[in-house]
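Take a look at the structure below.
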Amino acid sequence: MKMVELRSILERTLQSMPAHADELRKLDAALGDGDLGITVSAGSSASREAIFALPQSADASELLMAVGKAFSTANPSTFAALIGGGLLAAAKTVHGNTALDRADAIAIGDAVATRIAERGKAQLGDKTVLDALIPSLENLRGNRLGSPDSPNPSDSPAPDAAEVLDAMIATSHAQIDATTGLQSAKGRAAWVQERSVGHPDPGAVAYLRFLQELRTHWSR
Amino acid sequence: MKMVELRSILERTLQSMPAHADELRKLDAALGDGDLGITVSAGSSASREAIFALPQSADASELLMAVGKAFSTANPSTFAALIGGGLLAAAKTVHGNTALDRADAIAIGDAVATRIAERGKAQLGDKTVLDALIPSLENLRGNRLGSPDSPNPSDSPAPDAAEVLDAMIATSHAQIDATTGLQSAKGRAAWVQERSVGHPDPGAVAYLRFLQELRTHWSR
Amino acid sequence: MKKIINNPADFVDEMIEGILLAHPESLRSASADHRALVRTGAPFAGKVGIVTGGGSGHLPVFLGYVGEGLCTGVAVGNVFSSPSSEQILSATESAHGGAGVLYLYGNYGGDVFNFDLAADLAELADIETATVLVSDDVVSAPKERAADRRGVAGMVFAYKIAGAAAARGDSLSEVARLAEKTNQCMRSMGVGLSPTILPAAGEPTFTLGDDEMEIGIGIHGEPGVHRGSLETADRITQRLLHEILADLEPATGSRIALMVNGMGATPTEELYLMYRRARQILDEASITVHRPYIGEYATSLEMAGASITVLVLDEELTKLLDAPAYSPFFQQR
Amino acid sequence: MKKIINNPADFVDEMIEGILLAHPESLRSASADHRALVRTGAPFAGKVGIVTGGGSGHLPVFLGYVGEGLCTGVAVGNVFSSPSSEQILSATESAHGGAGVLYLYGNYGGDVFNFDLAADLAELADIETATVLVSDDVVSAPKERAADRRGVAGMVFAYKIAGAAAARGDSLSEVARLAEKTNQCMRSMGVGLSPTILPAAGEPTFTLGDDEMEIGIGIHGEPGVHRGSLETADRITQRLLHEILADLEPATGSRIALMVNGMGATPTEELYLMYRRARQILDEASITVHRPYIGEYATSLEMAGASITVLVLDEELTKLLDAPAYSPFFQQR
């Protein structure tokens, strides 16, 4: 995908994120301080403006740098710092690229996940955004849900982007449901201890909403 | 009336006053700070205990002194200070009395009203307790409601105490209704200015409730 | 009623017990019931004593202003209720260092009657007293009846000025003159965003809709002069300052002390929003803030709301305002 | 949402504007967006700088503890949100007097990530930094994971001790050691009686029944560890102090600093009720309160509630705790 198309999809996706602010506020209020709605809406708006401000010649790395910086500083909460920092790390993987293919997308996803895990000292099962993000990257790799270790099965045709996104959405959704019953192990949600059980992780839901909006704007 | 009977009636009357605390609190809250319920209930209880603590030999003056002091200090709000101070002034009018007749009651009432007017710099129509108290004293004098200036009509038989109390209650009630539409001119209620219009004066209602309880316990 | 209390009837006595346990180097009891408190070390020979008092529920008012360069003693009433004349007398006796005692408190009926009675009793005990009533609340009575106005947060300025005068050794009549001058030179006005609940009553003194405020509120849970819809910080500040300045009529070029006082529940952050707007208005009117006081100086239990007080300064008041002061609740260096 | 504010999006910037207008002799801006503030006169040559920071809505925390004998600079985030690494860096640069800078703040994910990033940037600018996280909230994680606990009102003791050490000229490693020791020697715990409302969100972060309280609450609107029915002041105090002492295990005969902190809406009177009960319990345990701190030291906007902090003192900490300090929001002489 060329930069011009990517920018347009991203701009529309980011524009639709503030609509989820209230849901995210409520989810975060149940486990933390209720500011995730602000982080995501302010961060998305700032990111969108940062994209607008980029010259048309900007490459994928510059795009990710701009978005990462904007998202992390708009409302610098934990989620902002982790996602923003992840995007900055990802920017290095696509240095000079003026288009992105699936391999680039995998590299970006991996870089984001790795950096979040590093900075947040979090792992799968800690009930954070990583529990949705990491498994969904397997769909991007072409692996089937639930069998992250199996190689890309060669007997099925390579799925198109929309199909991949649908699969990622399904995976994230399933992972959020699967971890809702766990106790949060990281961040503010860990402080409420047993009371976190039964509430979905707000950061993971934010990621799911992003995928869904991306899917909506992808096809148009 | 002998001291022993007077003490018994007063004790029972004072015991029944705390039941009006909530009404008085609400009335006072509309115009002031809502503490009149406490002033009247704490003041009545303290007064009752002060009576209990008096020797059986105490005269009417000592009784009024004890009650005045107790009522004024239990919850020393404006109403407490004015009524308490009034009773202390009244005590002087019945020095050495071991029984009270109607003339004594008139002297007591006048002394209370005069002292309240002096200390409170208040006059009739200022929408205070005086607007109920002063006119009701005319009934005690044997004058008919609404004609405070006419002398005691000699053609009707002297009413008994219960009838006098009924008349005082009727007068107080009518005066409260008549002044409800006025703007309070004294005390905390004056600070709310126009907003005091339409609310009965809480101190006057406290006096009415006292008369009513006195009437109830008089006959028994 | 959501309060961190025990038996409501014990509220004031337990509070005083806590305060005496916490601050023995500053405050001591001056009566058997501990409702009269004075500075540790009082009386101070040759110095005018200043005794204040009133109902509880206003901390730091009243007892928080007993301290160095402030008041000498205080009589502590129940919540929003006057102390008794006996309690005031006890504070008076322990505050009297031979130079007389100033009664300095807010204009409220109950307090006036009890302080006047205490003054009678003090006279019998050969203690000279003078009385200055603070009546700074601009909307509580029209200008013609300015002496009927109630006292609110401006009391703090009166304590500060009179306390500094007493500390430097001024005579009773001089301390009283300066307190009265302070009262003449200041005005206050407040808004309430939520009611207050007396512990012993357990019910709010009034109810307010979600988007309403009480304009011209006092500090005893009484309603304001009228009700209005909730406004922005800027508009509220304009409204209060406008009424104050219209009544006070300070000359262009005046120097003032400006207090933005929180009523209890209002966050300090919001007070600074008000200070910001007040400064804009005052700058435009060429009025200089010599010293700002922003915080909780006179509260009404858990009421949300704020008040503004303006004190116009001249040379003599400035000097006294700038003098150091210290109590467990109020420090100025 | 009943607040004295203007546009919620401008809340923090307008508050800072008000604070800079009110206290120019104490605080100055250290960045174009005024989100980094330092002491007027900073940097101080040869002295270790202390930079703190975090979300807004906690006054006097954080910026209120920038002052003499306290912190040197602060980065101010949005309500309950971390400042950015750039803002922290600006404060760092203006606080650095050549002896390095201590980052001293509460343990919160967002703040940690941003301060760590700022430390990386400071290193590039050749400014040596050290970091001490305050993690005093005893119930926010079990003892085995004590380092995961969040920072609450105990931050104030850390500022006081580290600030006094920096003021007397201690080295960066020594200031950091003393801050870390303070953190090790103290525990806090709080209860909330009402929720808090973020200006930008407009909704309470949780709802509470009329007779409920949140036990083990923090200061960012997050719920507590569990919900219970409202208790008396005595029982609440016992509950908090019991958890603190069980975890801290102070020796009999210990001397402590005791803080009873109001969360915002709780009247000061109620804090003294808690202090009273705390003293009874401590007296019985032969623990002496060397210095009480009773008031609003770390708030959560308009939340009703209170917390208790116990800091066990030894000779070196006592000396530093007793040193004078001054900011517009915190004075100790």
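Letters A, B, C and D name the chains as they come in the text, with residue numbers starting at 1 for each one.
Quick note on the criterion: contacts are C-beta pairs under 8 Å (C-beta built on N, C-alpha and C of every residue); 3 or more make two chains touch, one makes a residue touch a chain.
Since we're looking at a predicted model, the values are computed, not measured.
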From chain B, the most remote chain by mean C-alpha position: A
Centre-to-centre distance between chain B and chain A (centres being mean Cα positions), rounded to whole Å: 76
Distance between chain centroids, defined by C-alpha means - chain B, chain D (Å): 56
Distance between chain centroids, defined by C-alpha means - chain A, chain D (Å): 33
Averaged-CA centre spacing for the pair chain D and chain C, given as whole angstrom: 29
Junction residues of chain C, two or more chains touched: none
Contacts with 2+ other chains: residues of chain B: none
Contact graph of the chains (line, ring, star, complete, other): line
Chains touching one another, given as label pairs in label order: A-D, B-C, C-D
In the complex with chain B, residue positions of chain C that touch it: 77-86, 108-110, 113-114, 116-117, 137, 140-141, 148-150, 198, 200-201, 203, 205-206, 218, 220-226
Interface residues, chain C side, partner chain D - complex: 2-6, 11, 14-15, 17-19, 21-23, 56-57, 59-60, 191, 193-194, 210, 230, 232-234, 236, 264-276, 279, 292, 294, 296, 299, 301-302, 304, 306, 326, 329, 331, 333
Chain B to chain C touching residues, read off their complex: 25-26, 29-35, 37-39, 72-73, 75-82, 85, 119-120, 186-188, 190-195
